[in-house]
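These are the structures, in structure tokens.
Common to both upcoming complexes is chain A, partnered first by chain B, then by chain C.
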Partner chain A sequence: MIRCGIIGYGFLGTRLAQALTDYRPRGLLLTALANSKGYIFSRDGFDKQSLPRDLSTHRGFKQDTPLQLIEDGLLDLIVVLTPTNVYTGNPGLTYIREALRRGIDVVTADKGPLVVAYRELISTAKSAGASLLYEATVGGGIPVFSLARHSLRGDRIRSVRGILNGTTNYILTRMHFEGLPLDLALKEAQMMGLAERDPSLDLGGIDSACKVVILANALLSMDKRLDDVYVKGITQVTSDAVMAAKEMGMTIKLVGSIEGGHLYVAPRLVRLNHPLCVHGTLNAIQFRTEVMGELTLIGKGAGESTVSALLSDIEWIIDRRAVSRVGP
Partner chain B sequence: MRIRLTLGLTDRPGTLLTALEKIAINGGNIISIIHNREQLTAGYVPVSLSVEFPSHENFERARAGIEASGIPVLSTESLERNIETVLIIGSMGVEKLRSVFEGRGEVISLSYGGGSRSPYIRILFSVPADYRESLLSSLELLAEENNCLVVREEF
Partner chain C sequence: MIRCGIIGYGFLGTRLAQALTDYRPRGLLLTALANSKGYIFSRDGFDKQSLPRDLSTHRGFKQDTPLQLIEDGLLDLIVVLTPTNVYTGNPGLTYIREALRRGIDVVTADKGPLVVAYRELISTAKSAGASLLYEATVGGGIPVFSLARHSLRGDRIRSVRGILNGTTNYILTRMHFEGLPLDLALKEAQMMGLAERDPSLDLGGIDSACKVVILANALLSMDKRLDDVYVKGITQVTSDAVMAAKEMGMTIKLVGSIEGGHLYVAPRLVRLNHPLCVHGTLNAIQFRTEVMGELTLIGKGAGESTVSALLSDIEWIIDRRAVSRVGP
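Entry: the complex of A and B
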């Protein structure tokens, strides 16, 4: 049995725990749930009834760092859903580093650790024989990395670009269709729970830039950091400019791209019939490959759909472990 | 993509044919050939060929093939011209803009909008493919200095 722990019990953590206890993947037990204040552990695994709403009020709640679960060898797989810090990678980076070092598999939706230390983490995972999967970090539920890893295995990806942030795409969509000024569209997004109270990472293009860094390192074998990305956010975009674009059969979108070794995030004029012209909170990711040419994926970039990406990574690890048990 | 290749040919029979073969096997379609006999230098006659290649890779392979057969490629120049639009959000004088386009691209139309509250400039321009990136980068630099934002077209 794979003993799985979820570190980070916010929106995604609770949804994932519900999904795992709902359909109970074969060969996996959900044995630990942790947040920044402590954790609960069940050797026999949690089921749907025993899942707590709030960890800290649970009888077995232990005020301690989740690192303890890793250091005590109580887990075979951790799902890291910690809040993102794009500059230090922590707290997720510490958990991931330690888990991989001990040969524990890791699935994460936290971009921070990958932006700060992608190469280091991949190399640690390799030497310890552990897996590090991060489908949920880019494009929510869109299967970006698994598509590249499996379906495009024989091809060569030359460039990647996309609409990588649902919040800014929602704001720009409202500006395009309703003529709203940016501050009103932002307020609307905040009221609908689509934007953080501090939206600077989204509006400033930093969230998209993190995704560009992960895509560059993971899909194009680069070794890039956040500093390597030319970043322009949407804070200067006015409704008059969006209307001017509309008059020309175009709109303004925040595009992230990796092309010829250059990484950028910037508002771009996009024709209304362009494959990247998706609206609302949708994300779109386009690959240009050597053999296949252009391939565009469109889907929900955040929220509940991200659970689908986490489940896919978890299933992949279950399969891999089953294969390695059977032997070559 | 359309490219002008200038080769240095020796005055020996079959040299041009060798170069043309390298272009043909890489899918190049020759549009024109001009011998500049009056510009003979160091024993070479510069010959300019306008060629349509299916892709940049085909062009690079043809160039490598020509050079490998001992024929110097004196220069290459893209004959493609892009016509595209750029939006500049913010306020900027026309003189500054003119200096960016001078010698690199041609402004087809320019219009100001947004009034004094949220000004923008819409520019339709044409630029040779070779100069596109340098023109747009200069425009972005100028915009940055003037607290403006350049919104390029994504193709």
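Entry: the complex of A and C
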């Protein structure tokens, strides 16, 4: 039985715990729920009824670092849903590093650790025979890594382009269709809960750049960091520029791309009838491969749909453990 | 070593043989090439140099049914690329049925056998412990089945919609952007090799309907046949209707759909900024799932990109054989 712990019990952690106790994947027990302040643990696993709304007020809550769970050998798989710090990777990086070192499998939605230390983490995982999966980090509702792993075998990805940030895409969509200026569209996005109070990571293109780094390292076997991306956000994009594009059957989108070894994030003119040209909070990712040609995936970038990405990673790990058990 | 035979040595068969001898997947030998009139066989496997341009004039060509190869136990995997007959399923159906019965794995791009006898073939495969894969039958350059198998685990597909036929989509695209009448757009498509001399299967919606049947049976566990699809093609679509749609920010597309247990193919109004609204010969497939929400895939529908689908099916079979060998 795989003993699974969730570290980070916010929106995503709560939803994942509900999903796991709802459909109960065979061979998996949800035995720990943790946040940065402590954790609760159940040897027999949580079920739908015993899931707490709030961790810290739960009677079993133990004030301690979640590292304790890892060091005590109480888990076989951790799902790391910690808040992202794209410059230090922490706190997620510390948990992931320690887990992998001990051969514990990791599924994560936290971009920070992968942006800061992708190669190191992959190599640690390899040495210890553990898996590190991160489908949820890029285009939550788009199974980009799983698709590359399974469906593009015997093919080779040449380049990648994408609209990777829902907040900026919502803003640019409102500027295009309603003629709003940037600051009004931003205010609207904030009121709808689509943009954070400090929207600088989104608007400045940093969030997109992180995703480009992860795509480059994971899909094109590169060794890139945030510093390697040429980043220009959308703060300079004017309503006039968007309207001028519209006149020509185009619009302005914040596009992340990997082309010829170089990584970019910048506002770009995109034809309105181009497959990549999606609107609202949608994300789109386009591969160009050697054999298949161009493939575009369009889906939700964040929120509830991200749970689907986490579940498919978890299922993959259950399968892999099952296979290695019957192996030689 | 998996001994692989290709049945059907036209455009797709030739390209696949080239791809297989080019990158030589580990654990696979290409030992037979067949068409309806006979075959050539090589115990040690063909390499790039020994691939014939034309089968029938090859000195090793044996005039016989390809069934002989199957009955003689000379193959572990057949790739069936026979011309499609959507009413009888033959000749592909006979080869596939016989192979599966004997535990030989099958990869196919031929829609006919699956439209006529999907449930029977799947159950034969199951009893014999063989695999039947058919990624290439729907949206050649879109890994729809592989994606569902791997990336939507723990999720459930509720409904499917798609633009599944490149010929009609090319025609409708030309009608929309150039204002061409249907017959002129069709003539243009024929001159460019995008439509057959008898385009009735495409224009009448039958090709799309076959793909809808395969999607319904494979992704939603239904048991449907061609008769179960409400089919209306594009032959009645006028230039005026397309122009009227355009005025409203929409266009007319031939959409196949599975919704609430019912299967449809019909011309539909689609908003120009809808993810499904792709142009030219592109195909698009949209799932609605329980957890992930809506996911749209856009890619080439046919031609060279289909080779990618065949290769990924073949790789899956190589993996599966490798796993079952180390099993208990």
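As a convention for this text, the second predicted complex is superposed on the first by the 327 of 328 C-alpha atoms of A that agree within 3 Å, B and C clash if a C-alpha of one lies under 4 Å from a C-alpha of the other, contacts with A are read in each partner's own complex, and residues count from 1 in each chain.
Note that a contact is a pair of C-beta atoms (placed from the backbone, for glycine too) under 8 Å apart; a residue touches a chain by one contact, two chains touch by 3 or more.
Remember, it's a predicted structure, so these values are computed and weren't measured experimentally.
Visitor: Check the residue A:P25 against both partner chains and state whether it touches chain B (first), chain C (second), both, or neither.
Guide: Only chain C is touched by A:P25; chain B is not.
Visitor: Thinking of the overlay built on chain A, is A:V229 touched by chain B (first), by chain C (second), by both, or by neither?
Guide: It touches nothing on chain B or chain C.
Visitor: Give the label of whichever partner, chain B or chain C, reaches more residues of chain A.
Guide: C
Visitor: Just checking: does A:M175 make contact with chain B only, chain C only, both, or neither of them? Give me first, second, both or neither.
Guide: neither
Visitor: Scan A:E294 for contacts with chain B and chain C and give back first, second, both or neither.
Guide: The second partner, chain C, only.
Visitor: Go through the superposed model and pick first if A:L254 touches only chain B, second if only chain C, both, or neither.
Guide: Touch status of A:L254: no partner.
Visitor: Quick check for you: in the superposed arrangement, does A:V270 touch first (chain B), second (chain C), both or neither?
Guide: It touches chain B, and chain C stays clear.
Visitor: According to the stated criteria, A:L75 is in contact with first (chain B), second (chain C), both, or neither; which is it?
Guide: Neither chain B nor chain C is touched by A:L75.
Visitor: Contacts for A:V237 in the overlay, against chain B (first) and chain C (second): which applies, first, second, both or neither?
Guide: After superposition on chain A, A:V237 lies in contact with chain B alone.
Visitor: What is the shared patch of chain A, the residues that chain B and chain C both contact?
Guide: Chain A residues touching both partners: none found.
Visitor: Considering the complex alone, what residue numbers of chain C touch chain A?
Guide: Residue list for chain C touching chain A: 19, 23, 25, 135, 141-143, 146-147, 149-155, 272-273, 275, 277-279, 282, 284, 289, 291-300, 304-305, 307-309, 311-312, 314-316, 323, 326-328.
Visitor: Spell out the residues on chain B that touch chain A in their complex, using ranges where they run on.
Guide: Answer in residue numbers: 85-87, 89-90, 113-115, 118, 120, 122, 148-149, 151-154.
Visitor: Write out the stretch or stretches of chain A touching chain B in their complex.
Guide: Chain A residues touching chain B: 161, 232, 236-241, 244-245, 248, 250, 252-253, 255, 266-270, 274, 276.
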